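There are structures below to look over.
Next come two complexes built around chain A: one with chain B, the other with chain C.
Up next is the complex of A and B:
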């Protein structure tokens, strides 16, 4: 039994022997399982995140094939160049899947229910983010398989594919922390829905469809230069169409470190404020 | 130590003030004895849920002190949470889980795993009458079934203090009676202390050992239901005269039996009977009216209720009192059922005073 502290004038309290709690990893496991089941139980929730990237892949790879004839274009097939869109979109959907799970718990009061257990406050957030990453990774594995089937040549080899999946997972983590931050801060699904178009726009205001060197409009090239999404795309894409390019991978990792740090610290602050318990 | 020794609630000068708002709870004091059922009665927006959310550590207190099961809610929140169970105003369930999965999840988070968790889930599902629906997703449950599951979740770890925030709101009479029985059993057989908020007079009257009546963040009356009604004194008699001329003459006749009041029923004249040995019976009053040559359509004796207590203490009737000022029950409002549905700013509210 925990003893009362000196600051408490109350007599020794009663602790229920049944309420012993459980370890943080076990809590995360329990809640992540619930998060994944929740996400997968609603096809309307996860199917767009899988189907939409494939649609964009199909449309872009056929519509923009002629871009490959531009001198200096770094790939022979536009499919090889654009397949990175699927990994990026899977990661972007992690923003909403992590955030919406939290918002649902906040709006339904289930967060309060969990807060009244010995659950560590961070366990739920980590679980929701983990669930979002697992879903994004499932989708990424599907996209790698589709790439292999359609003849995409992963220049960095088997290890490169593993590195690509690692970067895709980290990208999903980075975006999921942002989604969780917004969810905890606002407690409203509208705020999450509001951020998604911005993220989507940032995807297309990047080097997604054209290498920066070949972009003719200066303003667009400037935007791609300051848009962190460009560096994420370039890092992952380099493993597919070029091989191991340390500078691009390093830039990608640096961007991911910064976004993850911003997301995690935002989550921590928002969580502290929301779970302002004794 | 036996668990019944110290599972009471003690509150002194408890205050909650949200940013840009009045004091939702304004310096309340209360004591709940171990094993007691304490009814916290008041209209919407009175401060009931805000009080509960502070006592269960979901809302930080602005000022004052409260201990639950001997633990200070401001400094020993983790210990408070181990000792309590709570079914808050908004039923807090995950629509994608079944009833049994809910119980197993909460049991696991409480450290009850494996066959113990299964047995506990089965026992609680039986106790709240949800065995048949146990393996259905709760999204398909009725409001009453959700309420019952919510109560079961609050009981998973056998808490010594149970907080129920308007637990019977939306329940049909049968489910309400069943829940009352279960609450009584918990208090009588298991020695669980129950802090129950309600806006239903009957619920407080029938279920609570003692009642605290809260209005606009202040406790205006406290005692057993019988004590509170006794404070009001003798019953009221309402008389409906046949004609307007008789209505004008009636107060003079009735005044000999007590103090004339505004009647609840349109067209009636009311008198609160004097207490003690000279309290008039209905027969005496009818004879006096007859002797006065007055004719009446109806005469009715009205025993004091908790609503009369509320009326006497606040000048308003409890039923509907909160309708024009309610913020507490509004979704997302400070002190609403879901404490975490309040904005993060509300959570961060600092004492203003």
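Up next is the complex of A and C:
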């Protein structure tokens, strides 16, 4: 009887660490699986994040094609230039994906209950972030496939595509840590919704639609210069339209290192404070 | 004063109060149009230099009309979320019991969204002037341009109300947003219709929003063109979506709020 109970599969959505061991990687794996399953069980939650970038890509690549005739424009097809929007939006979506998952766990008391088990609370945070990255990577793979099918010329070649996917994953990680930090700090979905306009602004007030050297308005060029998202976009875009440009890639990596460091340290502090209160 | 109007006015007042007093409601309707406008006007100035781009004012002026229409249209969509939220909280059910003519609920939301869109249009205009907006039309033409764009706030509200009176669930927000998003982006947003090609040109040519956008841009620079087509587009959209919204109210009535 006891043995039957011990080996019975855990009900869906319930994590039973004793069934497979309690090492940190196992905990993360279990919780990440739960996070991904939870996210995928609600298409209304993730489909807009996949469909909207594709719609923007389809419409803008056609509507802005004439822009490629501007002297100095770095691509022959606007699609090649703008496809980076899909990777960036997938990464931005990771902010809400990781954050809302954590908020749900805080609001439902799951995080507090976790404190009573051998599970480490940090594992839940890492798992929610990992889940968000997996979803972003799935979307990015879809976008690369669409790019290849529609004839996007990835100038950096096969290795460049891998590097692009790597940068997309890291960008998702950076944003997911910020989302998790806000979630842990506030424990409220409103706070996460509040940051969305800021992220949206950071995307549109960047070099997303035009290379910096072709931006006429000095004030806007200045904004793009101080906006870290511009460097993320330029780094990923360089792999698509130019090839390997070490300076752009280095700038992108530096920005990602800084944002990830801020996000991770913020998460650690907020988690410590929250667990102390639990 | 009829009871319907009194009820509509009270609902409109409550909606406006909630909009102003709750930052989570206010900020998206305030921030998003400004982000779009600033992002496009700032980044795409050189697009105005493309051969064949023959608009008599600068690119900021060109993109301003799109931003204005978007502000008005998306303001209606924001109202859709308010309606869904009212159903979720049970407030809509009490509202349905409280008013004799349930259409008053719809009229109230339309009134408040119109007023909100007017205020937001003023803010977008202020920012656009800072960014270099040129108004070359006469006072009458400019007023016409604003009325045309404000009509989209009513159209957007009726669309969103029709969806949310039926769905009564904010999770179905994307089903409400995506068609309007497509409608406005399938118009000549960045360049004139003549510079579009392929499938987008074909779609934009028959998209009613293209006619409204084109007329608005013409009025803004004092070269009114295709106003009749724009008015017909507004009238047809208004008539169709009025039926959609009112049958939505009936659907909510049948479901018991």
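The working rule: the second predicted complex is superposed on the first by the 255 of 278 C-alpha atoms of A that agree within 3 Å, B and C clash if a C-alpha of one lies under 4 Å from a C-alpha of the other, contacts with A are read in each partner's own complex, and residues count from 1 in each chain.
Basically, a residue touches a chain if its C-beta (ideal position, glycine included) is under 8 Å from a C-beta of that chain, and two chains touch if they have at least 3 such contacts.
This structure is a prediction, so every number in the text was calculated from the model and none was measured.
Put chain B and chain C next to each other and count what each touches on chain A; the higher total goes to B. Contacts of A:63 after superposition on the shared chain: chain C is touched, whereas chain B is not. In the superposition on chain A, contact is made by A:197 with chain C only, not with chain B. With both structures placed on the common chain, the touch criterion links A:151 to neither chain B nor chain C.
Contacts of A:246 after superposition: neither chain B nor chain C is touched. Within the complex formed with chain B, the chain A residues making contact are 2, 4-5, 7-16, 18-22, 26-27, 30, 34, 37-38, 41-42, 104-119, 184-187, 270, 273-278. Here chain A touches chain C in the complex through residues 44, 47-48, 51-52, 55-56, 59-60, 62-67, 69-70, 190, 193-194, 196-197, 200-201, 204-205, 207-210, 214-217, 219-220, 223-224, going by the rule given at the top. Per the touch definition, chain B reaches chain A in the complex via residues 1, 3, 5-7, 10, 56-60, 65, 67, 69-86, 88, 90-97, 105-106, 108-113, 153, 157-160, 337-341, 343-345, 347-348.
Contact residues of chain C toward chain A in the complex are 23-24, 27-28, 31-32, 35-36, 38-47, 49-52, 131, 171-172, 174, 177-178, 181-182, 185-186, 188-191, 195-200.
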